[in-house]
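Read from first to last, the chains carry the letters A, B and C; within each, the first residue is number 1.
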Amino acid sequence: MSTAIDTSRFVQHNQIEALPPPNLARGPIAWVRENLFSSPLNGLLTIFVFYLLYVIVPPIIDFLFINAVWTGTDRDACRAETAGHRIGACWAFVIDKINYFTYGSYTISERWRVNIFFLMLAVGVTWLLWLRAPRRDLGALYFFWLFPTFSYVLLTGGNMDLGGGFWVGFVVVSALFIGAFAAMAYLLKVSVKSGAAIGAGIIAVIGITLALMDFDFGLDHVPTSLWGGVLVTLLVATVGIVFSLPFGILLALGRRSKLPIVQLASVIFIEFVRGVPLITVLIMANTMLPLFLPAEMTVDRLARPLIGVAFFASAYMAEVVRGGLQAMPKGQYEGAMSLGLNYPQMMVFIILPQALRIVIPGIVNTFIGLFKDTSLVSIVGIFDLIRTIEASRIDPNWAAPTISYTGYAFAAFFYFVFCFGMSRYSLGVERRLAAGQNR
Amino acid sequence: MQTIVSQTSPPKKSVLYDPKVRGAFYQVLLVLTVGYLFYMAASNAVENLQRAKIASGFGFLNNTAGFDVSQTLITFSAAGSTYGDAFIVGLLNTLVVSAIGIVLATILGFTVGIARLSKNWMVAKVSMVYVEVLRNIPLLLQLLFWYIAVLGPLPQPRDSIGFGAGVFLNSRGLFMPRPLYASDAWVIGTALILGIVGTIVFRRWARKQQEQTGQQYPVGIITLALVVGLPFVSWLVLALVGTNPISFDMPQKGTFNLRGGMQILPEFVALLVGLVTYTAAFIAEVVRAGILAVSKGQTEAAGSLGLRPGQTLRLVVVPQAMRVIIPPLTSQYLNLTKNSSLAVAIGYPDLVQVFMGTVLNQTGQAIEVVVITMGVYLTISLVTSFVMNIYNRRVAIVER
Amino acid sequence: MKKAIVSIAFGLTASLLATGASAQATLNSVKQKGYLTCGSNTGLAGFGVPDAQGTWTGLDVEYCRAISAAIFDDPTKVRFIPLAAKDRFTALQSGEVDVLVRNSTATMSRDTQLGLDFPAINYFDGQGFMVRKKLGVSSAKELNGASICTQQGTTTELNLADYFRANNMKYEVVAFATSDETFKAYDSGRCDAFTTDASGLYSERLRASAPDDHIVLPEIISKEPLGPATRHGDDQWTDIVRWTHNAMLNAEELGVAKANVDQMKTSDNPEIKRLLGSEGKYGEAIGLTNDWAYRIIKHVGNYGESFERNVGEGSKLKIKRGQNALWTKNGLQYGIPIR
């Protein structure tokens, strides 16, 4: 019989001395000794870290606050020669340009519309993310249908001017569509009435959406080339999340489907998008989308990267949702099926509500990534926050040495607040879910 | 009994209820929809290209490029090189920055990740702040910061900062002496290879010996002697016997810039530093999660066997944590490679900047250029996942 | 459910698609829309630049305003679409813009291979270099070994390579995607020289942190005739764009300006009468009203006025007329007679 000692001789030859008993002393000095100077190496490390902090932190605080310039109307306020002292961050520049950073060149008299958009977005996000909010199903309806439609009308001015011919066509197609649903219900020997009702419901949603977009609310048209700044950054992120969640769920279901072609198509799409950098997707959307459309059709310049971002985010969202679907115990599927539910019913009423709940942290993390990635649209010429800062820092009126740093510091602060907040939120949800499972 | 059977078995049941039929129907629908969309896109593209008189096909790769690139690892000139060469230049630049970035990000990421779990309160908190700050700010912003705010204010070439030994730093980059190899320099290279091979053989032997007898050998010193000593001795011999096999081309001040030597572009440095610090924050989180996944009993057991903390980490914790770490680490490596495409924002000539930027603009052949570029990234992704799957399987087998 | 989501997605996508103009009858579609879409620079002082309120100004911008004035008797019925260098021709080809006035160089390949027409040249330009004064360089021939900042996707990048090769000089190219990044890199000291069209050099110099520290070198290394572009095949529309420029040139030559156009209407000079539409039916021949040129001059002014106001002595750029003077003053701008 060989023992473990024969096969491995990593152990000491001699007995080493027993460690002293744990230190029971309390108080700040004991804490410092235990946490900062427990061994010579640790002591050296602590001193080194203190030195690092000493080198890094005071200049940053000095730059951002102590020597910062808070008021002023042009470059003279932020130049050492004219101001007469060392100059840190030039916050006066940010304050002067804050409207440009927020709205871009959006028509000034119409900026209240953007404010309402921000407000509606905040309401939607709170409603969906606050786990104890009332009627979160209505919240979903709001966030994925009403909010995008109203935002579209508000921001562009609506009044698509589809024309009477379009609506005649729409009515004809709708009638056919409802008829097809009724016919299908008849063939399946289920209630024709309810079949027609479902068809009518779908038509109603589309019809109301289009009617709202078409209706002339008397709002002035604001071309997308004027939009910019935080508005565009939030818009890109919002379109990403609004589109990617439903589409991501479909892709995830497709990937776990038993139908080979559906599965293959989903896998190819997901792996393709995840295998290439976002910037190439954006460049592709920018240069190739117009090529793939009929000659008389053009896509709005802002809409192109939005489409790119939406597809990109969907692939990542699909993988998150798939994780949730896989984590569902098999019993849930079997239970649902034994109740006689069909596939859509099983998914909508049993599986997805549970699966989506457990992947909320994953969804939020994907969204953080998406939010940071929105900055890439600036590379394809969209005036997001970063681009407005880039454009402002070469404004000769504000040509001063610290302008660039200040602009970047402002953008970094903006992104950090949003991303850090969201990551804290997702951590909180994760803890709550873990607590639920530990019971 | 029979009545029940006749009720449930469907003699008149519509085929529409058959899941197979439904499945086939949905799939046919999908194929038709996707096929139609592809057909429309393709026919529109053909029509649009003809109307715009844009050439198609990959023949443009053989056309003369006509532009220059700042960093080229192969010989490239506006007059003699083709768009195909420009593609290779861009690809190599992407691979170089990714490869160096991966190595450095791994080192920094592991350091920060382990530091986050340090018993030293200061070290742990500072690492945490590092991770949280870097992770929550867009990479693009960080790159612009490094390029414009940190490297931008470096002095003009005339006021270069000298570090001695021919190393200079200015706004055009970092300049270093470039080694020039004489004809018999191959001896040193061979000595280096011999040294490395010798080290590997010796290490295997020493490990086997230790496992069997418990006898330990001074691995570190012998490694040093083989890898550094052997080439050095061969250089010394060559230098004493004949001519110096390695001389250096020193950077010297020219009209505008330093001439000669080796130049590392500020674009490269900014991209590398940005990618490394950003990715390291994510790797640190991966490493932390991996180490936390190793049960505490393992550490305690190692301690009770008398292993020092460093040894515990190296011999007990990290090998087990690696199994948890490898898959997410791989995806971080891929992210770094993909993120290197942000080079386009700061003018580093990577694949996207050279090929999807200049070449696309000069030729107008958007479809071909996009297909090739995306193909490259896809290939890198797939090959990496493939290799990592093999590695993963090997690690998993060790588990027993 | 699935179908509903898909159709909503399609509906939303479709809503973002707007039908553009077809190749023929741009004029009709412009009249129908009630405004003109004009592809312009993303921001080049003096030529096409929006202010913080989104109001566009510049020489190229006024060209579009002149077309708008000729059609609608109102120079404000223009929507400007800022286009990057690499997107500009696709935007015109696809019908996203009706006319492209974005300091674009007319070349044979663009004219024949891209399906475009260049009806007029509103600015004769050439590629030049800008350097810092303290370098002590006075000629582009002394730039051997310099680092040079340039923008991708332009003829500039190719001309640069040609010039240095032809003169057997070495250089280090640093290329950026946008003109903003390129100029900022030069301004922060990344490069010794900055190259683009000479007009662009003057315009960008204004944005330097210390404009007086930079000089434009005398060498012009290429011919860059800049002008508006239209889609090939819509001759009526191309004519309108061409004659807008000629009307402004003829007005300058005849001394008709914004201030005196109303008095000039009663002039006995037959050339002025033809220009302002009191004689002949020249406007109707291009699908407009006969007082089309009067509208242009009334709302925008003649070429000389527009030039001085945007890029000449009346502006910050202070570019001399040079090649862009009228032919009567040894320049190249030659208004084709209206008769």
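What we mean here is this: contacts are C-beta pairs under 8 Å (C-beta built on N, C-alpha and C of every residue); 3 or more make two chains touch, one makes a residue touch a chain.
All values derive from a computational prediction rather than experimental measurement.
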{"item": "Centrality ranking, top chain (CA atoms only)", "value": "A"}
{"item": "Top chain pair, ranked by number of contacting C-beta pairs", "value": "A-B"}
{"item": "Distance-maximising chain from chain A - centres being C-alpha averages", "value": "C"}
{"item": "Computed distance of Cα centres, chain C from chain B, in Å", "value": "44"}
{"item": "Rounded Å distance between chain A and chain C, as computed from the means of their C-alpha atoms", "value": "39"}
{"item": "Chain A and chain B, separation of their C-alpha mean positions in angstrom", "value": "26"}
{"item": "Multi-partner residues of chain A (at least 2 other chains)", "value": "287, 290, 293, 295, 379, 390"}
{"item": "For chain C, residues contacting two or more additional chains", "value": "86, 90, 94, 177, 181, 184"}
{"item": "Junction residues of chain B - those touching two or more other chains", "value": "48, 51, 148, 152, 344-345, 360"}
{"item": "Contacting residues of chain B [partner chain C, same complex]", "value": "48, 51-54, 66-70, 78-79, 148, 152-154, 156, 171-172, 254-257, 259, 266-267, 344-345, 347, 349, 353, 357-358, 360-362, 364"}
{"item": "In the complex with chain B, residue positions of chain C that touch it", "value": "85-86, 89-90, 93-94, 112-115, 135, 142-147, 152-154, 157-158, 160-162, 165, 171-177, 181, 184-185, 188-190, 192"}
{"item": "Touching residues (chain side chain A, partner chain B) in the complex", "value": "7-12, 16, 35-36, 38, 42, 45-46, 49-50, 52-53, 187-189, 258-262, 265, 272, 274-280, 283-284, 287-288, 290-295, 368, 372-373, 375-376, 378-379, 386, 390, 404-405, 408, 411-412, 415-416, 419-420, 423"}
{"item": "Chain C residues touching chain A - in the complex, by the definition given at the top", "value": "1-5, 7-9, 11-13, 15-23, 42-43, 50, 52-54, 79-82, 84, 86-87, 90, 94-96, 177-178, 180-181, 183-184, 187, 206-211"}
{"item": "Touch list for chain A against partner chain C, complex", "value": "100, 105-108, 145, 148, 152, 160, 202, 205-206, 209-210, 213, 223, 225-226, 243, 246-247, 250, 286-287, 290, 293, 295-301, 303, 306-307, 344, 348, 379, 381, 390-391, 393-396, 399-401"}
